[in-house]
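Paired with chain B in one complex and with chain C in the other, chain A is shared by the two complexes that follow.
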Partner chain A sequence: MSRMRRRLIRTWALTVAAWLFVLAVSFPLIWMLASSFKSPTEITAVPPRLLPDALYLGNYEALFAGDFWRWFMNSIIVASGTVVIVIVLGTLGAYSLTRFSYPGQKATSTAILFTYLFPSVLMLVPLFLIIVELRIMNTYWALILADMTFAMPFSLWLLRSYFLSVPLQVEEAAMVDGASRFACFFQIVLPQVMPGIISTGIFAFILAWDDYLFASVFTTTAEMKTLPVGIARYANELNAEWGILMAASVSVTVPVLVLFAFLQRRLLPDLNAGAVKA
Partner chain B sequence: MDAGGGSTSVRGNRGAGRLARFWARRGNRTAVVGALLLLPVVAAFILVIAGPLARGVILGFYRVQQITMNTRFVGLGNFERVLGGTQFWNALWITLQYTVGGLVLQMVLGVGVALLLNQHFHGRALARSLAIFPYLLPIVVATTVWKWLLNPNYGIFNTMLTDVGLISQPIGWFSEPDLALGSVILVSTWRVFPFVVIAILGRLQNIPRQLYDAAATDGASAWSQFWDITLPQLRSVLIITVFLRFIWDFNDFNTIALLTGGGPAEATLTLPVLIYQLGFGQHQLGLAAAVADLTLILLSVLFVLYFWMTKPLGDQR
Partner chain C sequence: MPAEHAPSFGRSNGSELRLDRLVKRFSRGEPAVQIDELRIRAGEFVTLVGPSGCGKTTTMRMIAGLEDPSEGEIYFGGKPVVDLSVQRRNVAMVFQNYALYPHMRVSENLEYGLKKRGVPRAEREVRVLAVARMLRIDGMLDRRPRQLSGGEQQRVALGRAIIRTPEVLLLDEPLSNLDAKLRTFMRAELVKLQRQVGCTTVFVTHDQLEAMTMSDRIAVMRSGRIQQFDTPQDIYNHPANLFVAGFIGSPPMNFIAGTAEGGGGGCTFRAQGLQLHVSDADCGGRLRPGDGRQVTLGIRPEHVGLDGGSGDLAAVVSVVELIGAEKYVFLESEAGELIARTNADARLQPGDRLFCRFQRGKIRMFDSTTERACVEPLA
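So, the complex of A and B:
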């Protein structure tokens, strides 16, 4: 009996400790959300209060009336463009690396891993020169090109492991039955790795969405800024309003959270389960 | 960012080899087809990664005219200037402080929280999602929120600390030369410790229960169970995590650029920020490339050390 009691006390002590910690870690986010709904007077009130008196929407109205949607679209275009290019290339590459055998394959895989760990800032100067020479400074292409430097090795590495984790019995059977490699790829391999492709695409999208370094150097005008650059520049303005900044922070975070939530659900179902049973 | 990814099953590995052999038997033509499929990827790699990288390395030996972008070979001139001055060494020292300081905090906090979240308690699933939340935030959001929290005029932290009497007047956490680096490390730790939690927690869940049961039967205390079972089982994931975090923190541009821009008075000027400032603040692209080259050399040493210490990560095929 006392043993059970001890266990009960232990569980509750752990519950309290864990949740106190979680609350402490989440506090900046709670504060961000609360501040975004505070009026300018409440924001600078001394002493500050955690929750606003009334839900003040003025920050969001001011934010959405400004350049927000322009920057939002820029971010969407750059991230989507990067993802499309990187996924097409990555799928081809991963298929080649995992379903064929030829010399230099292992070296290629190691090289991909190496570049995946490679720091973006070292590419900054040469990319700048190339972008100037290609005359694509301050265009979407400049940002897509730059984002490819980290998104491509990342996607290829991830896709390669997804391709490796798909069992090959079905493919083998189809090949024995005389299916062409073309048909095999589109009708058997692609449907099986589709969850992996979608997850990789989402990860790559989030990476590109988050880019600040390249976007801050390779865009020069206000209308080409992406969201991270737009927000960072606004934060440095002398008359920047914290309420609007917090509203902007919430608005940039929401799409990322939606994608992660989607990712979590997407990763669960195992499409192979049925196919391999036979 | 640096999210982790899919796993490689042993069965998939062996299967790939088998299928490759199956196709290889159908003649060498398949190998050619396979290599051809890789061609666009190789081309893209050369165009956007290998090419620029090589160009960047070479650029360290050139002087670049600001407007015309004409280059002139200056031999080791850039390196002499960089290594002869104090700025590079200062930045290297700050980078090491930032990296090691952050790493220690992240690992201690990350392992501790992973152990905590691995216990049974109420609302565990929700607590786990919330604890990794900071890692999912866009970097610009994390830094903007912390600038607001630590704001000298209206920031909640200064208000709370003055209220409880810990400080007598509000502090400029990012503008005091003595405090800026510590503040930046704290923000960075808050943002990335969940990466450590995710990595360690994943491994903790895979330690066989029987090991603990056997130890408990033998009368081993909780401490000795931790030292003799948990820690050895975590060894390999700890090494990988330390390695990855070291590289990523060593090269972290965003956190510092967004919080302090390297200031005040170079107090947080790390190597990545120095590269940026030399190249795009002072328009000395050659000097920036030289610092990048030196960083690359340091990183390569680290890579060699890592591959020498462990089995290559890329050896999964």
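So, the complex of A and C:
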């Protein structure tokens, strides 16, 4: 067998294996999507079938007729607010951690990583007390504060490693060129850590978007519910409206997928290459 | 604008650079840099050389304003600048690893400094083009740094520095990342460029060939202190101390430790296997008198003549290296090991017994305890 042919077969085998793997991983998602278009009777049919007989839109109609858009907006506001605050505080914090030297700087970096190891449930009570004290119970601020607290340690750590990859000398060159520290930060450093900022933003967004625990505790009224809390009411101990639940799940997942698809292109080009000659 | 005309984008009037009792301490103990005085004339090309860790980069960073001196003052054309921030000093610096802005195109890299200084767009464009032509990077203005070769990146870094026609231009080993051929080429280019732009230039290098060929004057540093500041020729011919004598020149100067009797007009140098009368004329200056003191005789390899019959010092050839047009002959003698430089067709074999003859007028004498030259150059 010629080498060319062997290589071709290898490529094909690998491709098939990769696709099988993708299929296995995405099966629950496919099931979710298919089920959201099934009528209640078909969903519980035995034996189960993957594809619906007819495209049934009733689940979506029921979902959108309810409070869905209200919850959706709440989730968007909370997640976006979290992203903005995490990015602003995170970049400033990471810049400080990597560029200035002050007593306890190393300890701070390590302590930050440690706080990430605490499960969110542990922070529930302290956060609750703080939120009550600040009188922001049942507001967006309460959720943003809670999500931010949870997202911040990892974000700082992530951004820190991106900032570390920007050579100090590039900044010094800019300062010799006449750039102030602020100009340096915005014009020289930020563009180079952009992939890191986008990654951090996605991380914080998903964290806030998926949050059930904080949203269920820190909101008390129906109109403050976020998507995860809102759609949970379609499944209670008495019965589960599987069709609507699946439709809701699809509606929650799609915005995140769109966000990813949109930002992925910006994540790929590596702007850092070639800053300094190795 | 035809490319063959040297495009002018402005000329710096370069100002005198003076370091006055400049000290930098990073921690307690010996300072990293301690310079009593260094006065560099306007428009001069001065090279700092010295072994690794001797404080060259630290000195440059203090001049640029990236590092605050612990003590002392720096003057640009008479005005003190230590209290001026890095942004407000009119200096430019080329870093060893170039430190280009990776996210900007070459043209943006070049014009960034002008932009920060409020130069209007039209003038910026003219200057970018002029500098790019001068450095022959005008074909790659739209590329990003990572799309350039090392030599091209180096020229962009240089362009970014000179485009502002700074008073003082600092170059920290800018050629060390280039291959040997490009280095030789850039050496000449850099000198030509500096003459054209006219800014006072401080250049750091490890390579003494670069130092010798490019500079108006060389400052040799060791452990943060300047050992000698002089023209390349004077540094080579009249090293102020043993360190400079050994550091400048390749292969290095031969040293023979011994004693000197007499002085003032001439002395008798004695070492193991060697007795030599050294007159003032023999050592190219006026010997300081000193009876029976410990001295070190220095003689450069090219001033050691080899003779089969007679000479100053008997020696045995141990190794012969052919370096293109010449040969380095490693010798063993009672007075220690020596290196001689001869022409390539000299017929020599390891094991040959012969005599070294030290060229009169080229012998240098150093005090072994103070390590200083004990010869005053004749005016």
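By our rule, the second predicted complex is superposed on the first by the 233 of 278 C-alpha atoms of A that agree within 3 Å, B and C clash if a C-alpha of one lies under 4 Å from a C-alpha of the other, contacts with A are read in each partner's own complex, and residues count from 1 in each chain.
To be clear about the criterion, a residue touches a chain if its C-beta (ideal position, glycine included) is under 8 Å from a C-beta of that chain, and two chains touch if they have at least 3 such contacts.
Just so it is clear, the structure is predicted and the values come from calculations on it, not from any experiment.
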**Message:** For A:4 in the superposed arrangement: first (chain B), second (chain C), both or neither?
**Reply:** neither
**Request:** Check the residue A:55 against both partner chains and state whether it touches chain B (first), chain C (second), both, or neither.
**Result:** neither
**Asked** Is A:167 in contact with chain B, with chain C, with both, or with neither (first, second, both, neither)?
**Response** both
**Prompt:** Which of the two partners, first being chain B and second being chain C, lies in contact with A:209: first, second, both, or neither?
**Reply:** first
**Message:** Looking at A:65, would you say it contacts chain B, chain C, both, or neither? Reply first, second, both or neither.
**Reply:** neither
**Prompt:** Once the shared chain is lined up, is A:178 touching chain B (first), chain C (second), both, or neither of them?
**Reply:** second
**Prompt:** Is A:188 contacted by the first partner chain B, the second partner chain C, both or neither?
**Reply:** second
**First (chain B), second (chain C), both or neither touched by A:90** = first
**Message:** If you tally the residues of chain A touched by each partner, is the higher count for chain B or for chain C?
**Reply:** B
**Complete:** Going through chain A, the residues touched by chain B and also by chain C turn out to be 167, 169, 172, 175
**Asked** Any idea which chain A residues touch chain B in the complex?
**Response** 11-12, 14-15, 17-19, 21-22, 25-26, 28-29, 31-32, 35, 43-44, 46-48, 89-90, 92-93, 95-102, 105-106, 108-115, 117-130, 132-133, 145, 148-149, 152-153, 156-158, 161-169, 171-172, 175, 181, 196, 199-200, 203, 206-207, 209-210, 212-213, 216-217, 227-228, 231-232, 235, 242, 245-246, 248-249, 252-253, 256-257, 260
**Request:** Write out the stretch or stretches of chain B touching chain A in their complex.
**Result:** 1, 3, 5-9, 11-13, 15-24, 30-35, 37-38, 40-42, 44-45, 48-49, 51-53, 55-56, 59, 64, 69, 113, 116-117, 119-124, 127, 130-131, 133-134, 136-141, 143-149, 151, 153-154, 156, 159, 163, 190, 244, 247, 250-251, 253-254, 257-258, 272, 275-276, 279-280, 285, 288-289, 292, 295-296, 299, 303, 312-317
**Complex contact set, residues of chain A against chain C** = 167, 169-170, 172-180, 183, 188, 191-192, 271-277
**Complete:** Per the touch rule above, chain C residues touching chain A in the complex are 64-66, 86-87, 91-93, 95, 97-103, 112-113, 116-117, 144-148, 150, 153, 160, 164, 177
